[in-house]
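Handing you a structure now.
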Amino acid sequence: MTFLVVNGPNLNLLGQRDPRLYGTLTLSELEARVQDRARDLGVEVEFFQSNSEGALIDHLQREAPRSQGVIINPGAYSHYSLALRDTLENLKVPVVEVHLSNIHAREPFRRHSVTAEVAKGTIAGLGWYGYVAALEYLVANAT
Amino acid sequence: MTFLVVNGPNLNLLGQRDPRLYGTLTLSELEARVQDRARDLGVEVEFFQSNSEGALIDHLQREAPRSQGVIINPGAYSHYSLALRDTLENLKVPVVEVHLSNIHAREPFRRHSVTAEVAKGTIAGLGWYGYVAALEYLVANAT
Amino acid sequence: MTFLVVNGPNLNLLGQRDPRLYGTLTLSELEARVQDRARDLGVEVEFFQSNSEGALIDHLQREAPRSQGVIINPGAYSHYSLALRDTLENLKVPVVEVHLSNIHAREPFRRHSVTAEVAKGTIAGLGWYGYVAALEYLVANAT
Amino acid sequence: MTFLVVNGPNLNLLGQRDPRLYGTLTLSELEARVQDRARDLGVEVEFFQSNSEGALIDHLQREAPRSQGVIINPGAYSHYSLALRDTLENLKVPVVEVHLSNIHAREPFRRHSVTAEVAKGTIAGLGWYGYVAALEYLVANAT
Amino acid sequence: MTFLVVNGPNLNLLGQRDPRLYGTLTLSELEARVQDRARDLGVEVEFFQSNSEGALIDHLQREAPRSQGVIINPGAYSHYSLALRDTLENLKVPVVEVHLSNIHAREPFRRHSVTAEVAKGTIAGLGWYGYVAALEYLVANAT
Amino acid sequence: MTFLVVNGPNLNLLGQRDPRLYGTLTLSELEARVQDRARDLGVEVEFFQSNSEGALIDHLQREAPRSQGVIINPGAYSHYSLALRDTLENLKVPVVEVHLSNIHAREPFRRHSVTAEVAKGTIAGLGWYGYVAALEYLVANAT
Amino acid sequence: MTFLVVNGPNLNLLGQRDPRLYGTLTLSELEARVQDRARDLGVEVEFFQSNSEGALIDHLQREAPRSQGVIINPGAYSHYSLALRDTLENLKVPVVEVHLSNIHAREPFRRHSVTAEVAKGTIAGLGWYGYVAALEYLVANAT
Amino acid sequence: MTFLVVNGPNLNLLGQRDPRLYGTLTLSELEARVQDRARDLGVEVEFFQSNSEGALIDHLQREAPRSQGVIINPGAYSHYSLALRDTLENLKVPVVEVHLSNIHAREPFRRHSVTAEVAKGTIAGLGWYGYVAALEYLVANAT
Amino acid sequence: MTFLVVNGPNLNLLGQRDPRLYGTLTLSELEARVQDRARDLGVEVEFFQSNSEGALIDHLQREAPRSQGVIINPGAYSHYSLALRDTLENLKVPVVEVHLSNIHAREPFRRHSVTAEVAKGTIAGLGWYGYVAALEYLVANAT
Amino acid sequence: MTFLVVNGPNLNLLGQRDPRLYGTLTLSELEARVQDRARDLGVEVEFFQSNSEGALIDHLQREAPRSQGVIINPGAYSHYSLALRDTLENLKVPVVEVHLSNIHAREPFRRHSVTAEVAKGTIAGLGWYGYVAALEYLVANAT
Amino acid sequence: MTFLVVNGPNLNLLGQRDPRLYGTLTLSELEARVQDRARDLGVEVEFFQSNSEGALIDHLQREAPRSQGVIINPGAYSHYSLALRDTLENLKVPVVEVHLSNIHAREPFRRHSVTAEVAKGTIAGLGWYGYVAALEYLVANAT
Amino acid sequence: MTFLVVNGPNLNLLGQRDPRLYGTLTLSELEARVQDRARDLGVEVEFFQSNSEGALIDHLQREAPRSQGVIINPGAYSHYSLALRDTLENLKVPVVEVHLSNIHAREPFRRHSVTAEVAKGTIAGLGWYGYVAALEYLVANAT
């Protein structure tokens, strides 16, 4: 079983962004923690990050069909990328949307996620653990 | 270490409500699964459910201070109970808000949660697993 | 056959509230008129009034399943109680929402009823007769 | 005593429109049921249907003054015909607005009725029985 | 020189509508006053009233081109008849919109006139004198 | 096979309205072009124009059921005639809505069409060719 | 009998402002025309212009009580000066609000006049003639 | 003379809530200060606090009629409890609404109070002194 | 200790404005009552009234720095004078905003005060007593 | 003569997306049908698809100037890509916007197209035929 | 060549207002820096500051016509003074609007400037340098 | 010292876009002018333009940290690219946002810039000079 872990714009700078919101882990440290849990669960995870809306769509269109599920943190694209929303809606595998910070407790424009509308579920504000919980959920519910 | 698991209005009817949205587990079955994981983690969990906004506030004011964290599914109160929001904001222990269904994929009025604004984080759409993940997060981050 | 007649906040003061809007009947006089018609129709009616959102939900959850229908005047809870709305939506028996005054001809906040969205139908502005008409409808359509 | 029963646009097609919303009765069958009850109550009813806003206004201006009350289903004109609203507001006899389906449970644009603001009361979602209940109310309250 | 005086829905009932808003003059009395002034000014006036949006449009399309200007009180159609607005915008003669009452001091929905957007000017709240002033203006500015 | 071509308010004045928006063709010239293409395609077309909302509804209710499809330019009624919308929604034959000008590039109130919501498709801004394309589409998809 | 003619901000520059909107008359030429008509009507008019909201309020408070009516063009203050609105509402003499251009045909912010809500009536788009018509109305209705 | 002092949700925790907003006084210390002033003024005060909307309504319905006035701090219920608003509107004694913090200087949702709309007056931001001032006002204006 | 008492537009006409809203006291009578209480409290009060936004700002900028606090009734400027708001925000002494009438119970535009956002607190609806209570508060909290 | 046919995000997956909305044709089958008609009309068509907003802009900037017109289906970018809108507005050749499904009959966010505001015309809901009709229109109107 | 430098309300207090937003320069120090650059550029600058909307309008009407351009910081009047907007729109010389702080990064009400709509350009957030840059621009573009 | 000059979508076409809004300079001519001034000031400038949101983010993430400041014209991305906004907010060097045209005087959607909210300051409407002024500001304030 394989799962995609997809991170959107500015998440490559994790660890440098405001640590009160995003924590001090770098993206590769975060990915390592997810990798560890994947190993425990006996599944594969494949990581991808891009700042480009089009590249995220290309990646999901190409890779998701051969996976059993997608964990995605669309970053700011969550709030306006209807193109990404269409891509996610079109997938046949379950999607869990993750945000490191609690988007409901920040600027008003972050409260609404257009991509969350087509996800199976969402996790926000639990830092790197959100990715791990999403993985556990997807593994447990994969058939 | 003790954690509160608080469920709001209509969650006592779990298993009878629309199973496509809420699953077929009853509330006591759900609580049993959380209890199992708590036992594995070596922590206490205390369950409470009420349909009354005032009773939820009373309970949280009285019990939360002696706990290490709160897992709450405020049900429909999420969307308008500013009184419950004030109670949660006032707590000194971390709060994780859980919804069984993905509130972002339902009626527009369910997309905004006034209580989520003062929570540490939120989990929605992952069914009973959301409670378990919230517990794991709180235990891992309790000092 | 049994039908519930449920009245929400401030309806216990009927007869004392602005008589131009609500008429001069007291709640027990109103209930007596409904009782009379029920007797003519050969059905049971059970009355309940509470100012508490939680108590209304508790009552409906407990009593409605053994009834053939619910007549409810949610009072001001009509306009914001999403918790009560969830309860009503969850019932398997038909619900008719009744308002004594014409809520469409009053303050703007009274024009929208969140509970009416999940009712079978609504009657407003016909005073105590609204309850009687609701009862006749429910009896005629009960199987 | 005479009462007007006025039906607006597309109600002439009753029975052909979506039966889940509007039932299977034709307009003349519906009128027959109202006629039956009128006979029982010992009053006259006069029926009128038009798809034209102007014709509805003409009819109400001309016929309502010699009646003791109006039962009107303005159809979609409910939601925007301020001209019809002015006509109804100007009448000296009581008006009850009836809708076959529960307009609060449908598209957002159907939730607000500009004509209901000037009616004595409204009934929605009770099918043909709504007309009968309106008639009973008007007869009982006619002086 | 000929000018059209066009009155929309419910204005045929002038004198019977709320006299605090509309005065006690009937429509024919009002037209007589306009006729008197027209005679003084040495111009023709032609009167038309209809409750029908389509009839108003038909009349304006047919008669306005051979006139030197239009005085119109669109009644409630002012607030939503975009079809009438298109007709007026299309006329090559100047249009003055008149309202008997001050529409800015009444219900919110009366504050915006879609037809006024394409008129030369508007007069509101001056009762029958508004028609006379409109006529004087049009005569003085006719070439 | 027969198709209806229905034009709404002010379209009878085509050729006289602002030619930058609507072109210089008259309505009968436009209808002649549609007639020509119909002849090529071996189908019947029947034309109707009215400024009256009620007359448009009457016509559609009466004539559409014996046709294989409707091409309609509702003019300004597109933007507010919920009664016409109900009529179109109720038809069992496909409807294509056509606008001569690009309604998305004009005043804000023209950007939203309530009738388009219940059409099969829409064409705007392509002048008289829009009617022809609609006809070709309907013929090709008629069974 | 005395009437006040009050002009607000930027109206002292009349004749220099965009002549398509405001015409080519200067303020003193406009006042001369009003003076001429006042002489014909046998009444006094007193003119005042200021760019200052406070000065307009001071003037109206001091001078209006000894007049029989006020003609005011509040200029842009129409759209936001609630202080001026309070002053006008407080006057015991009738007020007619005049605008040289048709404010309904310009920028959206000019469509709503907060001062018009408390006036007896309004005239817009008729240029200098609007002042004259307002004067005639006030004289005719003065007691 | 007796006056009610009613405090809503979370006010029982006074002194523990954010002291920059609410001060360091506990609720009983605050009540003691009001009691002291009542003694000076020679009147009775009765205190009540509840987190439950229904209990607040019950209390006011039962106790207010035998009092000469009500001082109420509805806490967060100010912003949405239309049921409490109906109760207060129905009282025959004057009501002063008090808030410890200046609700106009906080989150947007706190700027509008639905209960203040039916109060005699409001005091906000003056801490415990607000209750005392409200009492003085009510005593001075009691007949 | 000196305190400023500043009144905005139209408050010079107190006693002449609608007495149901504003009472029958004139401004100088109101100031006399505040003066009396100041004498009892052993402090100075300085009164100022202007209809001019600029004059109010000039006065506050010049006089407030040598005072211990400001009591201001900005009248209608409360609802839109962002310039006055900036002045008040900039003061280093506490400000209490007072309104004679309950602004929450009047027209919608009066419900929001931009100046209250930067005040220490507000009092509305308590008539002249509001000024006295504000003074007592400021004196008690002055250092 | 050459025309561009440009397809935006997710349209490469045509045939796999919800066939009730988008039909069962793949993108290359759709392009083949357009190619066929182009051959009949004796013109060239060049196809391009990208999921990337930047790539679509680059392509249009580079290729459109040497074409005689553009047929574009911007997919979800229609609803928010102001950058693409600027590119299209800047083109000197005519643009027809095409949507496979009727965007007016779907989610509210799909009802408004920012790119359609700068197109010559739009076609929606006619499936692959929309592209063909757009081509015919452009060819017929090319000079 | 002469240029006006006009500062609106509360800018006379520069240096005393919040230095994080406005810097520590006083207005006369700021004016001195502008004067220095004017000397370098060989042009005249004339300074004016007022807290009064009317005085600002008077000054601009009187002085701007003999200048070659206007640099204005309207302070809070930017956000609502439609009267000042009309004055600026009416000027025949170019206007540059300057704000010391970045108005887009502050309270929502500061994000929209009604006066900027009629300016040639705007500079915000660059402190005193904004005035200097505006002057350089105006000098370079003066003919 | 090095500064980045970054231009967003469609700015590569400068000189070809509507010259009334954007002037006749090409992008390389504009860059040359900025280069000239940089040489005078003794600093380095590096230019970058892209139509791709992702490429702009990549560039800023990679290059900005080794610069002393960023001058950016995000083009239409200003109005919706929350991803770009996050990138800019994350930078540790100051950012000045520049627009060639006065975005406040154009379509409503251009009035709000989400990127300006996180910039140090903004310049709009001053054409190429805006870039030069931004550079001077950044150089003068670089440490």
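The letters A, B, C, D, E, F, G, H, I, J, K and L name the chains in turn, as written, and every chain counts its residues from 1.
Assume contacts are C-beta pairs under 8 Å (C-beta built on N, C-alpha and C of every residue); 3 or more make two chains touch, one makes a residue touch a chain.
For clarity, every value in this text was computed on a predicted model and none was experimentally measured.
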Partner chains that subunit C and subunit K have in common: none
Same or different residue numbers at the subunit E/subunit F copy interface, by half rule: different
Identified repeat of the G-K interface (over half of residue pairs identical), from E-F, C-D or K-L: E-F
Subunit A-subunit D separation of Cα centroids, rounded to whole Å: 54
Centroid spacing, where centroids are CA-atom means, of subunit A and subunit C in whole angstrom: 47
Distance between chain centroids, defined by C-alpha means - subunit H, subunit I (Å): 23
Overlap residues in subunit C, where contacts from two or more other chains coincide: 52-55, 80
Which chain pairs touch, all of them: A-B, A-J, A-L, B-C, B-H, C-D, C-H, D-E, D-F, E-F, E-G, F-J, G-I, G-K, H-I, I-K, J-L, K-L
Parts of subunit B lying in touch with subunit C, wherever the complex brings them together: 8-10, 12-13, 16-18, 50-55, 75-77, 79-80, 109
Touching residues on subunit L, where the partner in the complex is subunit A: 52-55, 57-58, 61, 80-83, 85-87, 90, 114
In the complex, subunit J residues that touch subunit F: 96, 102, 104-105, 111-113, 116-126, 129-130, 133, 136-137, 140
